[in-house]
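Structures follow.
Presented sequentially are two complexes of chain A, the first with chain B as partner and the second with chain C.
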Partner chain A sequence: MSAEPETTPLAKVTDLAVNLPTGRKQSVDAVRHVNLEVFAGEKIGIIGESGSGKSVTGRSIAGLLPTSPRVKLEGSIIVDGEEMIGADAAAWQQVRTHKVGMIFQDPLTYLNPVIRVGRQVEESIAPSKWKNRDPVVQEKSLNFLRLAGFPSPTEVSRKYPHELSGGMRQRVLIAIAIAKRPRLLIADEPTTALDTTVQKRVLETLATTVSETQTSLILISHDIGVVASMTERIYVMYRGRVVESGSTSQILSAPNHPYTQALLRSVRSLSEPDVDLYSIPLELRRKLEMEDVA
Partner chain B sequence: MKAVLIHYGKLLGSSFLLLLVVITILFALLEAAPGDPVQSLVGDAPVSEQFREQLVAAYGLDRSVVERYFIYMGSVLTGDLGTSFTTQTPVLDRILGRLGNTLALAIPATVISTLGGIILGVIAARTRNPLLDTGISGGAVGMFSIPNFWLGLMLIAIFSVQLGWLPAQGTASYGQSGIALEHMVLPLITLVTSQFAYNIRVMRSSMIESLGQDFVDTARSKGLSYRQIVWRHGMPNAMLPMITITGYGVGLILAGSVLVERVFGWPGMGLLLVESINNNDTLVVLGVAIVITVCILIANILTDIVYGLADPRLRARFRPKGSES
Partner chain C sequence: MILEAKNVSKTFRSGGRGGLAVHAVKSANLTAARGEFVAIVGESGSGKSTLARMLLDLHPASEGTIFLRGVDVKSMSKNQRRDFRRTVQAVLQDPAGSLNPRKSVSQSIGEVIRLHKAANTKRDIRQKTLTALELVGLDPASHYLDRFPHELSGGQRQRVLIARAVALNPQIIIADEAVSALDASVKAGVLRVMADLQERLNVGYVFITHDLPVVKKVADYVHVMYRGEIVEHGPAQEIFQSPQHEYTATLLDATPSLDALDGAAPTAPGASAT
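And now, the complex of A and B:
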């Protein structure tokens, strides 16, 4: 593990709280007192069930929360030495342009349907060269498409998103995210919308591109198998908090927190097909909720 | 390429069939309507029964409805819309003489209402000032609710009669030919208003919808500014409904021009239609309706072509199934 005490983390989240509006007057504390750090070149995972706040945490670091003024952020997010909470739009734009890339869950809706794939990658390399296309940028975009697993990128770059399969679209999103050469890549459920056979290949692509480009990775997933194979450290989130964190092997072999234990038990095992699927018992949820309030 | 030709061939064919159906329905309606075309031929002067019968025979009005329908269809298909009962000149010449004046209002009206609708719609959608958005949206609802005949009369009452700023009637000053710009202002405002308001509303909601799409998050993650996101990613997607609306709008504006031309004494096709209905000049009525139908069908075909250019997902229909890689 690269977490040596004297190196400063690439991104450090301290006591982060995010409050999101859910209605005219209602809002929800999506993330509460989250501490998280990721070092240069490190791969970490955030696991947890739906609504645990893992996506909101990821989006907070990438600066991609909804733009509504009613979204409230507290605490500290330091990206590459800069405090981002309370930072102005220009500072965030710098982070998004150069430092943090994001891969999203649904590969179709996250690509613009009326723009050719190649241009969408080029835009990530050089957002300002939209009108006068630069052949150097075009050449670069082909390289990133190749890196994302397209053996003949020229052909793909001329296509529209609807002409590609789900797995191919996800590779395009990977190409878009790595094309700006970010220091940190946040992948939010990158394989959830794909079928299992494609999942594996997309994950391999993600793993190789991340290690080839020396990028740090935050992999967000509810799929423990996916996170286990890709990461060095894991944060477990539940009800907007990090309930447990540690090295991947330690979390998987000796989980401390009752929620982590329950979460690991609820993974369906292929080697023991007769075992009933375990679901987290209601008593445990109630107990955790009580502790939360207290 | 072949699939493209087949698609547009089908579109042309179905448009042509639609035209035949429209002619048939109009022919039947006019046949059922009260009124005697011979009366409009002879005017109000009393004529002998013999002369009347001569006329009926000369125009073939003694034949059966079915016979006259097929004769009329045949001549329409060869480009002959018949002869006007009142002026004794070819119907087509009379219509073409007026078509220019109608288009002189309808084309600018379409351009203004579309461009203006896009601009104000985008402003209303992306402004962070709620007052501006409410102002534009509320104004659009107001404009959309004003009946155009009332608006035309009010404009005349205020700007022509009271203030004397703009002329109220005709295409140019008395004794002058051509179209004077100042004569166009009031009819154009009257014709544009409701379509303009409608376009604002459609563009606003369409832009808001496309800025809420997931791909906007991808664009944000690339570090684009809000402005770049609106123009590069919001605009091309938000324009798709506008293309359809503009196509329909051509029909609505042509329909509206009948009223506007009547109110402003603008000698276009619409006014010709009103005059011909009053005079029982059946063939001219039919002819105007046919020309308007053709204009709308052409607008529809153009809409389809433009939509195909703007949305690559629609172009996919030209490709044989299963050729996607």
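And now, the complex of A and C:
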């Protein structure tokens, strides 16, 4: 099912803690003591409700947290053998150029509205040659668009972002991210804003692209159905901590942590007939909070 | 039946007269009654929200008529219109956008109660507000009265909207993607509240969503919209067991499900690659 485990993971997060400012004198521990690792070619998922710290964890690995001095990171993030906590901006730039790519929920925000999408892929492949329209780069750009599920890439490459549907935009973003040939792709809620039918298409594209380019994947979502269909291992986050991790099938069939159990019960109650709708009871949340503080 | 749409169409034109016409809804028929859970499903751009807005008389229909208890909404008297605004309530997708950020929960809900004269004295209004908040499971209700929208979570805001809708004893609630943005657990909580109101107050729903498992779970009757047309409609069980239209089948097929995955290896294409 999964790749042969290698000795050193591609990315390894140890005891990560992130503190983010929320007001003039307030701050929140968004991520607390998170341990996570992803091996080359592996697909893992992070699930959790909103505010659980899953996006902050993902952004930390790509070095995309706000650069304010009030954002405090502790612990260790090792990407491809290099310690990235405390690394300077140039080192992060290197990581993002060659090793880690990221895609987000809202593709329109990350595309330039006044540049044709083909050129935006070219820019991702070779930023320096982009202005001169190198035919080799253009050809490569079309190949990446084809890989991202566009059967006639020439046509698409001439369009502006506003001329594309939401699902197409998201696939252009996948093409841009994969054009850098990253070793690791972090996808943060890539299909949350899309319809079910379009979602299926984008997920299939994502799965084939990362397999064909042998890229590792971290898929972040609150939708367990999406994560389960795409990944080999899952981390479950709650209140800034990883409360449980394990193989996807084990998490689904035999969850250990009470939060995971409640979460799965509530997800199942939404789709299975003859089961009463179940939401995670307040008592359980209070109990987990008490244990957390202790 | 209470609320009825008969052959309603909506055409939007860009650039004034003679501009490009978009047929958002094409002669749709739909009825909603008390105690009944009617769902409209379809992808984005299929016209389901436009249909909802016509049912609420927020967009006038280009063709066709909306009836409330047999009265055409276009030719209603002032009193009938006031009654229509009370009987048919809306809960829209974005709870933050439907609440005034500068009004507390008690002001937001109290305002509509006062305007519709559902209660007159300050004490009665407060009492009615509290009852509505308790109905939707915001308990203890007095804790929420003085909170502002930014002090509430997404699920709580959505419940405040439902509370504001039920405070007027409506007969139909039109919910446009009311639970789509919520986490599974909160979603289940809000849906339970809605089912509960259906049972206790005999409220009817027109529920618009692209979330099919939810529809399967709670709806009595389903309309499937595709490119502005209702391509299929019928009792929920029939639609889910034997979809007639090709599009309905595609829609059912695309829904990610946990059942297929239990205890099995990931089934995504290429999962075996190194």
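Assume the second predicted complex is superposed on the first by the 279 of 294 C-alpha atoms of A that agree within 3 Å, B and C clash if a C-alpha of one lies under 4 Å from a C-alpha of the other, contacts with A are read in each partner's own complex, and residues count from 1 in each chain.
Methods note: a residue touches a chain if its C-beta (ideal position, glycine included) is under 8 Å from a C-beta of that chain, and two chains touch if they have at least 3 such contacts.
Keep in mind that this is a model prediction, so the values were computed, not measured.
Look at A:N19: by the touch rule set out above, it reaches neither chain B nor chain C. Of the two partners, chain B and chain C, it is C that touches more residues of chain A. With both structures placed on the common chain, the touch criterion links A:T97 to chain B but leaves chain C unconnected.
When the two structures are aligned on the shared chain, A:Q261 is found in touch with neither chain B nor chain C. Of the two partner chains, chain C is the only one touched by A:L203; chain B is not.
Once the two complexes are laid over each other on the shared chain, residue contacts for A:Y160 go to chain B alone; chain C is not touched.
Once the two complexes are laid over each other on the shared chain, residue contacts for A:S279 go to chain C alone; chain B is not touched. Contact with neither chain B nor chain C is seen for A:N35 once the two complexes are overlaid on the shared chain.
Legend: residue contacts after superposition of the two complexes on their common chain; A:A62 is shown touching chain B, with no touch to chain C. No residue of chain A touches both chain B in one complex and chain C in the other.
Considering their complex, residues 43-44, 154, 183-189, 191-192, 195, 210-214, 216-217, 250-251, 254-259, 261-274 of chain C touch chain A. Contacts from chain A toward chain B in the complex involve residues 62-64, 93-98, 100-102, 104, 106, 109-115, 120, 123-124, 127, 130, 160, 162-163, 173, 176-177, 180.
Interface of chain A with chain C (complex): residues 1, 3-4, 41, 43, 49-50, 166, 195-200, 203-204, 207-208, 210-212, 214, 222-226, 228-232, 248-249, 252-253, 262-264, 266-273, 276-280.
Interface of chain B with chain A (complex): residues 213-215, 217-225, 228, 232-233, 236-237, 240, 310-313, 316, 324-325.
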